[in-house]
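Down below is the structure, laid out as structure tokens.
So that you can tell them apart, the chains are marked A, B, C and D in the order they are listed, and the count of residues begins at 1 in each.
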């Protein structure tokens, strides 16, 4: 228990939210009961962009509230969806009359609670949704399955939607369509060297032998799709993640690409920089143009050691929105 | 070996530096052979502020190169000082004729190499030094000992000196004096739940039993001053770090304080936020005014799990410089 | 049985009394519901619904309850504030029912409100009749309300309760296609779905007003 | 022994030849130096200095060596580019010596250059004579150069070499107060300091020019 800086388990998220107000009170405000985070200076006349999901992935989503990105973030308990009541209240608090775009990572609980919140407001608010399902490891042909998980592409989606909303006169449909465009042009794969530790029990969610790596992990401490024994060379690790992404996105030579090299929690900055270096080398070898990068721990899974790579096929419109000004606790 | 994203050990730092250029090439430039990092857009007529030290503490120092902070950062190998040749070259590359302030964390190797670089340039360059020795755990009465270690207060020092240098007409003496002022008004204590893993061997630098915490750790994986069995409450952990700091700095009721709640590597954002929340509560209880905060992994020790707290006694001058604009990879 | 006046229109106080009776019924049956969920799910259903209705009970003290919409809205919120699968779905159901008129409700109002609400649950939960969920009790109740010839709300709800009860019973022979029970397939086929059973109890509780 | 002309002034080529001779001496003695450092430190001294001088040897091929300052500066850089304790201190020492005039050096120039250089090493390394470091060889050599009556650089350096050698010998009875050897205290008192010994070899190598 002493291995996590927290007081009683049931206060963890609430106290962390209050801590966010301590560190970033100039940018964000915490609403309590129901809990959600909004901008300290609300937008006056913009489509509201709202996201959220379980906690334990910080800085996602609360760290992305601010000018040029989210208008509100709705945190659930660790790895658990926020309630529909929280989501509904966040929509009500941020809708300026221009409508709301909900960005939802594809997990049953999130989809249920966010959709219910939107549905219950349908007679008074315009609410559109963007479902993020970028995790290639969970692709399956199965009809009616839960579909691919939502992982680090959600950061790109939030950035692009937030930038679009900040453009004068942007409609809720345009913001939604841009979000969906990002999703349709993005894919992610992750791997882990060490599972996260459950803050409640102090136990790891899975164990690996020396030299083993869990390939295709998500962000909730679940096992991936395969346990591998890679060479230990960063070049090989990066290629094993990036190569399926290039194929899945059908990227042709010369295609402009945005890459998110994302630390899953305990991965050091030195490591992520080496991964970024290798990713550029790999993409250049494929004749692809790495136009933009985001390197750091942005979508974490508690203290998991590992990283994910997200590729997004850019075009001029997306590049411009990616470059637009942003001012949030975690991205500026 | 597979537990660290890297290729051959001897390329780790070099490739990570190239990765920094991939992620932040708009802000920083890498000089090779000798290796150091400068701003992508050099300042024209400012006192140059240069720092550096062993790698493995990222984003320190390379992540703090940019407008309003460092003009150059000189990285050594993991936990090893850069060479005097690197430091000398970085000074020569960034001196605009207005002189240079070197910010040195107090470790024998760093002090030696930085001082030698400065000394060898003494007939052509004005070089002043600021020695950062904020770690309260290494206080000792011993004459002629190595003195206190330099830890997270170096970030505050770099920020304040960088801001001072950016002010029109600031002299090298003023920038140096402000750096020394920060140091004289700052103190730090850290604790660890899990030692860092050596990227070369895959081994931890020390082992703790369940429930044990290493109190008074530095940033090189060395043991602290005491192994404790604290309650596991964040409130107690924070108080055990912050209370000696308040005493050492002689902070009186109403004193304005800047706090750095620093993650040492694998500590999660949720945890750091809870620590920030508890720190505010503690300081308020002492009648102290927590005016500014910096919460995040800024001075890491590879993948160590733990955190440190730095307090700096503010005054109007320091507050203004802390608030001045800054644009670097890790602090904006 | 409390006489609350108008027999044709469901008033706010009627609706409140109905929910209080429902909350009592759930309190008595919570362990049985949990047991069903243990056999076909993760064993938290009784606790989930009992907690939400406990919070509803105190929230209902604090409101004027001038019309049913206010009552259903209040109850919806307590369900929406809970996790799990059934909580939000019940919250959606009651919340959609609360879109009914802001005055006492006729049987036609009731029929309309439960119809839209059930449609919303089906749309968002994705469950069809026959997939062993709460929908298997909701859908027959909606049909009963739509088809009833009785002008009094007590009687109409009585017919809905019968239909819902039969629907819940029918889940005792179904293989689940939605929710956690679907992971168990044939192995949990003989277990009655606790969500459906709760809906049957809900309609039956109107008789205690 | 190569005749390089002027016997009063040390030329650039003289200085280069001196360093090449020094590099040879270190190559032959590297294992002995490492052994001393193993007994009183961390056992890398011989390797450290041999590597730096190896790099110096090739760097010296690439320069014109028109005057000694250029030669000392080049050697200094190869030491400054290395880690450990002795590397940067040697780099500082040679680097400060390189501040001498940009023309052939008289004995007075030599005396002045080594004096400032040794002062810099003492200031930055913090070591006094008697603390079992390279300073114990540097300081007597500086004194010998300052006090010599010999106008030829070979002879003057010969006196410096003798003084440095005596200084190095004296470390064999000292308890270290600086550097890694200080952690061992009395236990390494009888070991000669490898840094001091190297300085003695440096001055002695002038005789091989």
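The criterion applied here is as follows: a contact is a pair of C-beta atoms (placed from the backbone, for glycine too) under 8 Å apart; a residue touches a chain by one contact, two chains touch by 3 or more.
Note that the coordinates shown come from a computational prediction; the quantities given were computed from them, not determined experimentally.
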item	value
Least step count from subunit A to subunit D, where 1 means the two chains touch	2
Number of steps on the shortest touching-chain route linking subunit B and subunit D	1
From subunit B, the most remote chain by mean C-alpha position	C
Rounded Å distance, subunit A centre to subunit C centre (Cα mean)	36
Subunit A and subunit B, separation of their C-alpha mean positions in angstrom	29
Centroid spacing, where centroids are CA-atom means, of subunit B and subunit C in whole angstrom	59
Inter-chain centre distance, subunit C versus subunit D - centres from mean C-alpha coordinates, in Å	92
Overall pattern in which the protein chains touch one another (line/ring/star/complete/other)	line
Chain-chain contacts as defined at top	A-B, A-C, B-D
Contacting residues of subunit D [partner subunit B, same complex]	76-77, 80-83, 85, 87-89, 91-92, 95-96, 99, 120, 123-125
Residues on subunit A engaged by subunit B in the complex (per definition of touch)	1-7, 12-13, 15-20, 22-23, 55-56, 58-59, 63, 78, 193-194, 202, 210-213, 229-235, 237, 261, 265-280, 290, 293-297, 300, 302-303, 305, 307, 332
Subunit B residues touching subunit D - in the complex, by the definition given at the top	34, 76-77, 80-81, 83-86, 88, 108-109, 112-113, 115-117, 119-120, 123
